[in-house]
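Got a structure for you, questions after.
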Amino acid sequence: MLETKIDTGKTAVLVIDMQNDLIKVPEEPFNAVTKMAQSKNMIANTARVISEARRLGMPVIYAGHIHRKDNADMKPTITDMMLQGLTPPAREAMVEGTSGAQVVDEIKPQPGDHVIWKRRSNAFYCTDLELMLRARGIDTVIIVGAVTNGCVANTIRGARERDLNVIVLSDCIATMNPADDEYFIKQVFPREGRVRTSDEIVSVLQNS
Amino acid sequence: MLETKIDTGKTAVLVIDMQNDLIKVPEEPFNAVTKMAQSKNMIANTARVISEARRLGMPVIYAGHIHRKDNADMKPTITDMMLQGLTPPAREAMVEGTSGAQVVDEIKPQPGDHVIWKRRSNAFYCTDLELMLRARGIDTVIIVGAVTNGCVANTIRGARERDLNVIVLSDCIATMNPADDEYFIKQVFPREGRVRTSDEIVSVLQNS
Amino acid sequence: MLETKIDTGKTAVLVIDMQNDLIKVPEEPFNAVTKMAQSKNMIANTARVISEARRLGMPVIYAGHIHRKDNADMKPTITDMMLQGLTPPAREAMVEGTSGAQVVDEIKPQPGDHVIWKRRSNAFYCTDLELMLRARGIDTVIIVGAVTNGCVANTIRGARERDLNVIVLSDCIATMNPADDEYFIKQVFPREGRVRTSDEIVSVLQNS
Amino acid sequence: MLETKIDTGKTAVLVIDMQNDLIKVPEEPFNAVTKMAQSKNMIANTARVISEARRLGMPVIYAGHIHRKDNADMKPTITDMMLQGLTPPAREAMVEGTSGAQVVDEIKPQPGDHVIWKRRSNAFYCTDLELMLRARGIDTVIIVGAVTNGCVANTIRGARERDLNVIVLSDCIATMNPADDEYFIKQVFPREGRVRTSDEIVSVLQNS
């Protein structure tokens, strides 16, 4: 098995977009991520990792995706998906200040955690994530959340260009389509960092 | 008199650090900015500018300075002021989530305004200010707030490197020391943008 | 067929990492990208797009990847590929100032083009690309170069978070592995922008 | 006297805009900075600091200001100085690729130095300065160059928001107007870092 050494004094957990409007959506066709999250037991896995991290005093940082109700912070660009009419039907979701935009109850931010609200995919873009990691001397981020091939992948790339080590937990990430989840876990992330399971990380943290 | 043309569709008002812990401080020696704000009638002047801007549908954006109670987002650097023992005695202020960190009541953010919490001086650094201005097509910012030679000056420089036009309102900014306020208003800001009074801007906006 | 409207006054061509040490490598096992580039006729395709763009006065911007000979600008992070010993054997390539780091002769930068030297994957990270596009009023980038799932994909994401429209040319990009090239062209880029061929773009530009 | 401890393994010298078109301008009225540089013996002072830094293996980083001959990288904003007709008459200077844009001969970059070309005032804005300092583990920058209240002051603020310690050398900086030079040296920089002379720093480095 590949090594997973962690310096807990220099490592933070980064929880991406674990919000009600993405991870607890009951209705078709908007619940694809929710279903993959359920099938992976993603919330419970993430909760265990966070709990161990807290026990060790490691920073837990949440990034949540939001947009304004009036969409004034958005500027849609042209994509083939849009031109082909394949973008999902619009629904109001992730609106700043609503309960849908809140982090799911099971892994709610605690006093002392840092919460970032972001308006683009990469959690480093136009947020204070870099500043916060640098001020704390963090050089490694354990990344969990959604979606695998969207905000998770983009944030991993944001971390890498800033020379941070990345550990991404394969059973704590989810997306719409299993083939995309698998491709990123097998073909993309091993080139960008270490891919581990929540069990592996919990075990490492318990022995720290 | 110098011109003050404003395209209200491309201009936003940017209100910097108008927070209780800075603008409404009763006790010596921490109240220097508060006293200058009072002597300039700064809050009332700002309120009139904001009111006209709102009437015209111009975006009003607030940037507020905060830090964590545990200071984990700060990394003090060495300065001569510090080495000389001239930094003001520490007091807990601008702490994230406290009432002291809130914008003063008279010009409180309204629903639909955008509020930025920043951890460094320049309101563009590690915040979504740039993103928000760009998405709305803003090319000019009317800047008010505190302190003249600190966050106001730094944010003006942040605006300029992003090619934004700056209009700064001399009776809507304040700092500790009148000589610094005057130096920046007379010697620095005229090279960086337009310096106007609240009366001048209110008059331009009323005729828009 | 999907539309490909282009406002030539607001569109730039962005040529990524078309350097000798990547696109003209003779020796195994370092020539995988070179071979895909040859099989796609990538240099000639790119040359035709650039030529039409120049004719119309569109900006042509080159981003080239470099690092220092002493590696002082690099800070390797831990990846599973590295732990598994699967990273390619080290060779000196893309070294700042060497001929290997130059853009291939057929599409050499001309006087008036803009050339960016970057040290990380995303051409927007720590470069003046954003500044240059903004100063020129560019809202759309036609992206070509290498490698598909590396610097090309990362730069596309950099463009998108800055609200730029992306057009990526499938026969003007290349990478090591055909399966990765295909996955990004079919599964990733259509969600992020428009995927077109050099023929399609040349035809649009000829009719502009 | 105030302390000037320097960890030479974590400190770089940053040389700003020491270019022929600014520091070696013979003709009135464009030679104000050149005259102050001469009266301070700025080039020779800087040369001694650089020489000691090189001897100790400290990184020497040059930032030079440039713009394109066609000005396509510039987007002038409105200032009162401009409205009052007080901006200096236009002259072609600091044009990318010209000898006027080169660093003055006495302190020319040597092989192994890092050279940054910037298009805005702050040497951190849209350049790889941050990346380079971070990859090398630098936490302190010794800043010299021109002009005191322009690119020097803006780069100091860029350094501070990135939590870097700043040491600025009062006899190695210059600007147009002695009153501005003095104001920044006495009133601004002591709040932002340590102000020292070249003699003081050379002495510290000689004893390192």
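Quick notes on this structure:
Per-chain numbering from 1; labels A, B, C and D assigned in written order.
What we mean here is this: contacts are C-beta pairs under 8 Å (C-beta built on N, C-alpha and C of every residue); 3 or more make two chains touch, one makes a residue touch a chain.
Just so we're clear, the structure is a prediction, and the values are computed from it rather than from any experiment.
Any chain bridging chain A and chain B, meaning touching each of them, is among C, D; the list is complete.
For the self-contact between chain A and chain C, the two sides draw on mostly identical residue numbers; the shared fraction is above half.
Simply put, of B-D and C-D, more C-beta pairs touch at B-D. Relative to chain B, the chain whose mean Cα position lies farthest away is C.
A rotation of 180° superposes the C-alpha trace of chain B on that of chain C, rounded to the nearest 5.
Averaged Cα coordinates give chain B a centre that lies 41 Å from the centre of chain C.
With each centre defined as the average position of its C-alpha atoms, the distance from chain B to chain D rounds to 28 Å. The distance from the centre of chain C to the centre of chain D, with each centre set as the mean of the Cα atoms, comes to 33 Å.
Taken residue by residue, chain B touches two or more other chains at 75, 120, 125-126, 134-135, 163, whereas all remaining positions touch fewer.
Interchain contacts join each chain to each other chain, per the touch definition above. Those residues of chain C whose C-beta lies close enough to touch chain D in the complex are 59, 68, 70, 72-75, 112, 114, 118-120, 125-132, 134-136. Those residues of chain C lying in contact with chain B across their complex are 134-135, 162-163.
Listed in rising order, the residues of chain A touching chain C in the complex are 2-3, 75, 77-81, 83-84, 120-122, 125-126, 149, 154, 157, 160-161, 163-166, 180, 183, 187-195.
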